[in-house]
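Look at the two complexes coming up: subunit A is in both, with subunit B in one and subunit C in the other.
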Partner chain A sequence: MPRRLLGLLLVLPALTVILFLFVLPLTLSVVGAFETEAGYGLGNFTKSFALYSSDILFTVVIVSLSTCLIGLFSIAIGGYLTLGENPRAVAILRWLYRWPLFIPFIVVGQVLRTFLAKNGLMNNILVGAGLITPLQAVSFLDWRGIVIAFVWKQTPFVTLLLAGAMASVDRGTIEAARNLGASRLRILIEILVPQVATTLMVGLVLSFVTMMSVLSVPLMINAQSPTMLTADIAFRINAYGDYGVANALGLISLAATACVAWFYLRQSMRERG
Partner chain B sequence: MRKLLSATLVLGLASTPVTAAELTVITAGDQNMVDYINEYLGPLFEEQNPGHTVRAVGTGPGDAGSQKILERFEAQKQAGSTVWDTDVAVVHEKFAGPMVSGGYLEAYRDTISTGKLVTRTNADMALGASVKGYVMPMFNSQTALAYNPALLPNPPKSYEELAAWVKENPKQFGYNGIKGGASGVSFVMGWIYAFGDGDASKLMNGPFEEAETKKWDAAFDSLKAFTQNATLTPGNAGTLDLLSRGEIAIGPVWVDMFYSWQANGQLPPEFKLLLPAPGMPGQPMHYVIPAKAPNKELAEKFVELATSPKVQAEGIVKRFNWYPGIDAQHVQAELDAETWNKLFTDVTPEDLASYGKPFPIAPYNNAILEAYEAKAAN
Partner chain C sequence: MTPQGFLTITDLSAGYGTTRVLDRLDLAIVKGEFVALLGSSGCGKTTLLRAIAGFVKPSAGSISVNGTDVTRQPPDKRGMALVFQSYALWPHMTVAQNIGYGLKLRGRSKAEIARRVGELEDLLGLAGLGQRKPGALSGGQRQRVALGRALAIDPQILLLDEPLSNLDARIRLKVRHDISALQKRLGITAVHVTHDREEAMVMADRIVILDRGRIAQQGTPQALYNRPASPFVAAFMGAENRIDLTGRIIADRVEIAAGPNNAPADLPRDGRPLADGPLEARFRAEAAAIVAGESDGNPARDALDLPGRIEAASYPGGAWRHSVRVGDEVLLVDSPTPFALGAAVRIRIPAEALFLFVRQSNPADPEGSLSDGTTGRVLEASET
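Right after this comes the complex of A and B.
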């Protein structure tokens, strides 16, 4: 008995922290989403959909699109790191691709703001190279800017996980395929990726959830309509002090992330079982 | 001997002059508001009151900045704090009313000598709420359309002409929506004044009627179409920035920011302003003193200095290009004609009188913003 008590005592600090700093605020926010001036009800949700339905759709589409692109790029980079035959190119790529990992989102937003603007660095280079005329230059500071920022920042994270998993794949299967004359692309798609699919999915799910919660990038690049839910939540609170609708919007984005989290949980359950 | 010692100690403590205080001034608004206090008003006050220091804190642009101040007061009141952390706050007009009705403010206007230099009604009523006695206007500001004469030699003179012009010249007009500062908000309010089916003067003077809020549908439909042909900018400064780079030809801006940017060389000197018919809103920023300010007397002294004709002339008009907060005739006497006239180069006093409008009263204000999100932005 004292032993069990001791165990309980040991876990208590961690449990308290989780209860008070995580479970309690989450519960309050969920309850707050249903609190309206006229008592409990769905008022905040009808208002959220009336005001922000296009932003909700926009958020899900943007984050899903970014997730797909991140998947493609990280497979490409990871694949080259594993199958590349030019050791110098592999070394350079290995050294380069991790850089965005160490740059905070807000800095990414700021960098891309000046890079993607209508008269920004990118268009100036294109105009300077004679590829487009100044009149053809367009600003990328809309949904495209957000996607570029997300992909740029999150690809290294997924690649890091993926390249590790690919490196630990049994080389024998790759060698066997190569002996039978498979091209490198075919080895990547048919041999490597299926073996690291779990890792890839976990990385993508974590990226999805991270991107759903980023406020700085949409604020810096495109805070106008349509914009991402995080910018709307900040606006509801900052401009109106309206925590009800902000909580409701939070719950809606939670529902979106819950869908992908379900995949993640199912996967980790299967691994454990 | 010991008695003597303690006696001198007590005497010593009692005769120490009042300790130096740190006056905390929090201000909503763009960076220029913080600059004004840090660069001009604070040093002036410290010079006149040796030993005391002024600390300025900015809470951010637009309504969001004032909302933060309001929540700060609310929290300290609910916590039952006897001494609050703010001596003087500068807030937008819309938030003065809720602060007075919440009982967060000190009625100080009649106790300071400059209180009687203000007679304009917007120092008594703030968007439909009585704030008489609780606020002193720091300045009055106005929004207007800034344009680049090189790209646009004959600018549209009214909302109607602007709407037609934007249709033919897509993406040449830029504004910052309603989430990035008040110049965009002001443009939207002006749109409703111009195209709403209701009575614009009712929106400005009240009373609030739910039925009135149903009369804006057509105006928002046209605003939605208009916005699709407009460029959305990231903020008050963003509009000026895009103007200066030639990415847009015209857009709504705050008059004071426009002149300040021009004075700093961030905007070409040939850029101009115009106030379109039937008018765009402007607003004062107000000095308020919290009910439980730690250094109340010093705070009153600070506001007294800030609203004295000399400071209003030198700081508000000359350095920062705002329209004065106290009545103009007291300020004009302190300035040379040239400086005074510079304030009215593009937007004449007659324009101001006929096209300078107040913002709608608070409930309409919120209703318009929300309707914008539901109908024009969604």
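Right after this comes the complex of A and C.
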């Protein structure tokens, strides 16, 4: 058998999997987004925007806000892990911060639902501590709950990447700044973060994409309108069997993540150039 | 040792975990002096420098600058600037930003920073490179940026941690002179860590040789080169050839008995703390000569002859370097003309090039520890 054929044969299983499980479904759903009862057109999109424009905005705002918060928290945690001077506190934090990584989104939703509800654990503690009266207790099971769930779940992931990158930064660059009199906060902002900016961006882009695709958290925490696009897609399919609008909403989420990816690519191209 | 130094280190001990790296070390450096800390890896020279800089907390002892105790002060309150071995430039900042960062931290105005950065760029030959990132510079240029960043804050003391070890051999030779000329011009006190003997000799006013966390010897380059106080220092200063002898002290002369590997000799004692019994002799390849033919058996005066046989010869430039077998030892000796392989020759070492020490401990000679504390006395004698 010629060598080229043999090589092709070896790649074939992987290629088949990608073609049938990834490229084909993606193409079908893209095509499906333009398919209406009256032939191909933009009908599904006009319907999507008419029905769900507030949800689209809600999704983008929630996920963007969560991404910003994740960035801030992971810089703070990674920075302390790298620059912290109390070895015991650093060891404890290093051990603690990864736990949410091992908890699935659905469990996060479940846990936060019992924690953040009007008569949930959080309000019980606050009332018990005398900080608020039972009448003042409010439920956090709305957009705030989603943001809390996302940040809680995704911060460890970005921190993991970021702390690794910070640890591999030349310690000399940190010591040189200390030698010249920079405070730890300045070292973090002016020396450390710029050197790991690419890793931070990668982590945040990946988190953004992950959060755009989470269904369980909005379903469990935010059973009201407006909600996130994933919940709408599930609803269109489960309640109406309306694959056209579902596909159009999917394509809109894809466009949102593509914007972020483009932003990241442009940034990294500029850095290289 | 000068009792009152500008930078004074007293009884300093430091270590990592249970390992003690510095062992009750004393050192005084006067203002404007260029001191090189020389030693092999693991001798504690970098730890000493980092302790001076404030990055290593000493377990005991004190460091003071101009009479002020800075042992517990943070690194930036000590009036020192450190140049790192890896340069540790900030890759995301331009050359100008790197040099000006210390001034920015001190809250200087933009105009003042720009003026000072411009001065330093001119001084260091970096003019026109201010807007480049460190990644777009050569090794030598990066090294100068690191130096500029350290000098920008007008430190009283400049600390250099093997700043030349990452440079090409040829650039290194030039930068050596650049740095010591700059140091003289600015009148700054400098402490330079290196494992390169020649670099220390060329750059420093005083060399401090460290061995296992203690000072083995310190003095001017000439003093260390010509009068090493211990076999360790002699070896470090290039006297790698070693031969065991037996000697007897007669007034101010040392009489070397004929041994299996050496002819008898009569050498001046030259004030050295020697004693009757086994001696260790060391000499440099370039300080000895090769003489053809066998010894006549008469004691040589003011020179030592070692009969041997040529094993190999090579030409590293300038002179022929021969491997000469003397008994079980192979010694390296230079000669302006090559000798035939296998030729019977004598190595002749003039008395002033032969470093003699009391042999401390020899596995073959268990009673050989004739003197204890001799090294200690030698050290004191040399620390003038």
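Everything below uses one rule, namely that the second predicted complex is superposed on the first by the 261 of 273 C-alpha atoms of A that agree within 3 Å, B and C clash if a C-alpha of one lies under 4 Å from a C-alpha of the other, contacts with A are read in each partner's own complex, and residues count from 1 in each chain.
To be clear about the criterion, a contact is a pair of C-beta atoms (placed from the backbone, for glycine too) under 8 Å apart; a residue touches a chain by one contact, two chains touch by 3 or more.
If you're wondering where the values come from, they're calculated on a predicted model, not measured in any experiment.
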**OP:** Please work out whether A:T16 is in contact with subunit B alone, subunit C alone, both, or neither, and reply first, second, both or neither.
**Re:** neither
Original post:
Which of the two partners, first being subunit B and second being subunit C, lies in contact with A:S213: first, second, both, or neither?
Top reply: neither
Original post:
Who touches more of subunit A, subunit B or subunit C?
Top reply: B
**OP:** Mind working out whether A:E175 is in touch with subunit B, subunit C, both or neither, as first, second, both or neither?
**Re:** second
**OP:** Name the contact category of A:T27: first (subunit B only), second (subunit C only), both, or neither.
**Re:** neither
Original post:
Once the shared chain is lined up, is A:T46 touching subunit B (first), subunit C (second), both, or neither of them?
Top reply: neither
**OP:** Would you sort A:N86 into first (subunit B), second (subunit C), both or neither based on which partner it touches?
**Re:** neither
Original post:
Of the partners subunit B and subunit C, which touch A:R186 in the superposed model: first, second, both, neither?
Top reply: second
**OP:** Could you tell me if A:S139 is touching subunit B, subunit C, both of them or neither one (first, second, both, neither)?
**Re:** first
Original post:
Which partner does A:D55 reach: the first (subunit B), the second (subunit C), both, or neither?
Top reply: first
**OP:** Enumerate the residues of subunit A that count as touching subunit B in its complex and touching subunit C in the other.
**Re:** none
Subject >> In the complex, subunit A residues that touch subunit B >> reply: 50-55, 118-119, 139, 141, 220, 222-227, 231, 235, 238-241
Original post:
Which residues of subunit B touch subunit A in their complex?
Top reply: 60, 62-64, 67-68, 70-71, 176-177, 179-180, 232, 234, 245-247, 366, 369-370, 373-374, 377-378
Subject >> Sites on subunit C touched by subunit A in the complex >> reply: 53-55, 74-77, 80-82, 84-93, 101-102, 105-106, 149, 153
Original post:
In the complex of these two chains, what residues of subunit A are touching subunit C?
Top reply: 170, 172-173, 175-182, 186, 191, 194-195, 197
